[in-house]
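Each of the next two complexes has chain A plus one more chain, namely chain B in the first and chain C in the second.
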Partner chain A sequence: MNNLTLSPAKDTLSVICNHQTGVIELEGVSYPQDAADFFNPIYEWLENYIDQVGAAITLNLRINYLNTSSTKCLFDFIDRLEEYYKTGQEVKINWYYEQDDEDIKETGLEFQEDMELPFELLSY
Partner chain B sequence: MKEDEIEKIMKKVFKKEYAYLETYKTVIEEKNLSPTELLDKYTQLLEAYRMLLQDAVKITKIGDINQKKLFEVNEDLEQQKQILYQTSITDALTNVFNRAYIMGVLEAEFAKSKRYQSTFSCILIDIDDFKAVNDNYGHLVGDAVLVKTTSIIKKQLRVVDSFGRYGGEEFLIVLPATKAQEALLVAEKLREKIAEMEFIEKGHKISISISQGISDSLTDDLQSQDDLLYKVDTALYQAKKNGKNCSVIYKNIE
Partner chain C sequence: MKSFDLLSFRQEIIESKIVLSFEGKMSQGVLVSLVDTLKEKLKVNDQDGKQYMIRKIFAIFVELAQNIQNHSLESEIIDGLETGAGIIVIREDEDSFMLTSGNNITVDAAKKLKQYCDELNKPNADELKNLYKQQLRSERSKEAKGAGIGLIDIIRKSGNPLKYEIQAVDKKTQFFTLSVNLPKVH
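This part shows the complex of A and B:
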């Protein structure tokens, strides 16, 4: 299985999915015209990782802006991680936000709500 | 983007939810389901609906947060744009218009006067013996004198007049709807105000004076604003020749 790296564009996140460490890093802004198209390779990588590696996963999120479609896609991605967590796997999510950025902190809190898997908000 | 393209994208974004729709719409068509099977399907559908509602609420809240953030960023950008614009047209030391801006005002006023046959005037001001101020008291004191001089001049002008730094210790005033003779009255008032001011800078008492060249646009020989600048410059030169601390109208030079 391969690692997945997507360089950030004006309207898309930087993505690094490492199958050796099980760490997924999503960073930046996301407002592409077709959010589903952008998130598809990340979903696919996750499915392959679950099938072929089946080990712990850490999702690190450093988000500055998400449009509504991207929010929905990220929700679906996290839902899949939660399903994986419910099978007894170790999964955790770290939501990083700049200390003064109340909006991103609030967004993180919305994602965290009703979540069963460990979801931590970390300021920097 | 076209409507059908947007719909195609939305179908991909809501793939899971569209799949639910396909699965559960068959329940109505299946006539032979037992009450237990029906209850089972109903429970599944209810759970799917609960999840969807939960996501919809969260997405709406996050959408609102992001929208607020966008508006705040936009407001901030607007403010920065204003600051940048003000900085780009202002002389950093004296806080009056810079050369580029005052030349733009002159160009626009010249075009207006040609188009509407209107009259405007220009006053070119030079601080007399300013080099001596710098040489005797240093550049910091020289800068302070420039700031005070411009502040006095600014207070005497009308809102419609434009005042900018033309170069070192030279300043240009553009006075719309003003003939040279009227501009002379303004210039003389400025000259008197400056002459009676005593600048005290870092313990030094400094008196200064200004010389001024004046011209209006009421002549046929003006091809461009540069011709008018030539005239005020020549008048200013004459004012210096006349012994400084005075104002000269170009058309009065013999």
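This part shows the complex of A and C:
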């Protein structure tokens, strides 16, 4: 199993998925023309990790902006983590937001609602 | 080529308080460069650095531009992706920003979009939030490009209803204009 690293672009996130530590880091802005196409390798990495490693996952998010199609893709990703958590696995989400960024804080709150997995909102 | 009076064109831009406008194919490369230009211009125009407003303008601008990208009838493949053409304009006066986008769509699509806008303009803020959450949790429809929640997001971010106008281009085509008013926070 490999780690997944994607360098940030002006319209896409920086991505680091580490299979040794189980830590996934997503950072920056996301508004590509085809959000599903951008997120596909991240979904695939997660499925491989679940199959081949099957250990704890921490998702650290430092998002500055998501367009609505990226928001949907990220929600689906977190929903998959929720499913994994419900199989008895250790999963944790840290949603970091810039102190005065009400919109990103609100998105985090909306994701957090209805999720059972540990989901913390942290300002920086 | 038809004669063109640059001075009166400039005058028109200034009097209409246009901060930024673009007409043409909304490729992703164009969108990214427009976002950069917009950020730069708002920084200059707004010395107080009202990050809050800039974030909202940026978000609404991207949703409108990507509506053109995904739904314009005038489209072609650019970098392997179907890419629409249209026009987007941002104006600014003392009290508000006005973001307007327009593109051609079929008569049938215009009718559906009009109904969708009317439906979205009815709910209050809480109902709209629930609708947004519902859409976020729903399976993506195979036909729909984009997440289908862009317009809901625009209303929520602006705190204002969607304004639209439909004008006939020809028998099969209509020009759909969408306007969003974003009041300045004083």
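Here is the rule we use: the second predicted complex is superposed on the first by the 124 of 124 C-alpha atoms of A that agree within 3 Å, B and C clash if a C-alpha of one lies under 4 Å from a C-alpha of the other, contacts with A are read in each partner's own complex, and residues count from 1 in each chain.
We take it that a residue touches a chain if its C-beta (ideal position, glycine included) is under 8 Å from a C-beta of that chain, and two chains touch if they have at least 3 such contacts.
These numbers were taken from a predicted model, which means no experiment stands behind them.
Q: Once the structures are superposed on A, label A:D34 by its partner contacts, choosing first (chain B), second (chain C), both or neither.
A: both
Q: Contacts for A:D11 in the overlay, against chain B (first) and chain C (second): which applies, first, second, both or neither?
A: second
Q: Could you look at A:T87 and tell me whether it touches chain B, chain C, both or neither (first, second, both, neither)?
A: Touch status of A:T87: no partner.
Q: Considering only the touch criterion stated at the top, classify A:N67 as touching first (chain B), second (chain C), both, or neither.
A: both
Q: Which partner does A:Q20 contact after superposing on A: first (chain B), second (chain C), both, neither?
A: A:Q20 sits against neither chain B nor chain C.
Q: Now for A:D100: first (chain B), second (chain C), both, or neither, which partner does it touch?
A: Second partner only.
Q: Report, in rising order, the residues of chain A that make contact with chain B in one complex and with chain C in the other.
A: 33-35, 65, 67-69, 71-72, 75, 103, 110, 113-114
Q: Quick one: in the complex, what on chain A touches chain C?
A: Residues 10-11, 31-35, 65, 67-69, 71-72, 75, 79, 100-103, 110, 113-114 of chain A touch chain C in their complex.
Q: Spell out the part of chain B that touches chain A in their complex, as residue ranges.
A: Per the touch definition, chain B meets chain A at residues 1, 9-10, 12-16, 54-55, 58-59, 61-63, 65-66, 68-70, 72.
Q: Along chain A, where are the residues that touch chain B in the complex?
A: My answer: residues 33-37, 65-69, 71-73, 75-76, 103, 106-107, 110-111, 113-114.
Q: For the complex, give me every residue of chain C touching chain A.
A: Contact set of chain C toward chain A: 28, 31-32, 35-36, 51-52, 55-56, 58-59, 62-63, 66, 69, 81, 83, 129, 132-133, 136-137, 140, 146-147, 149-150, 153, 157.
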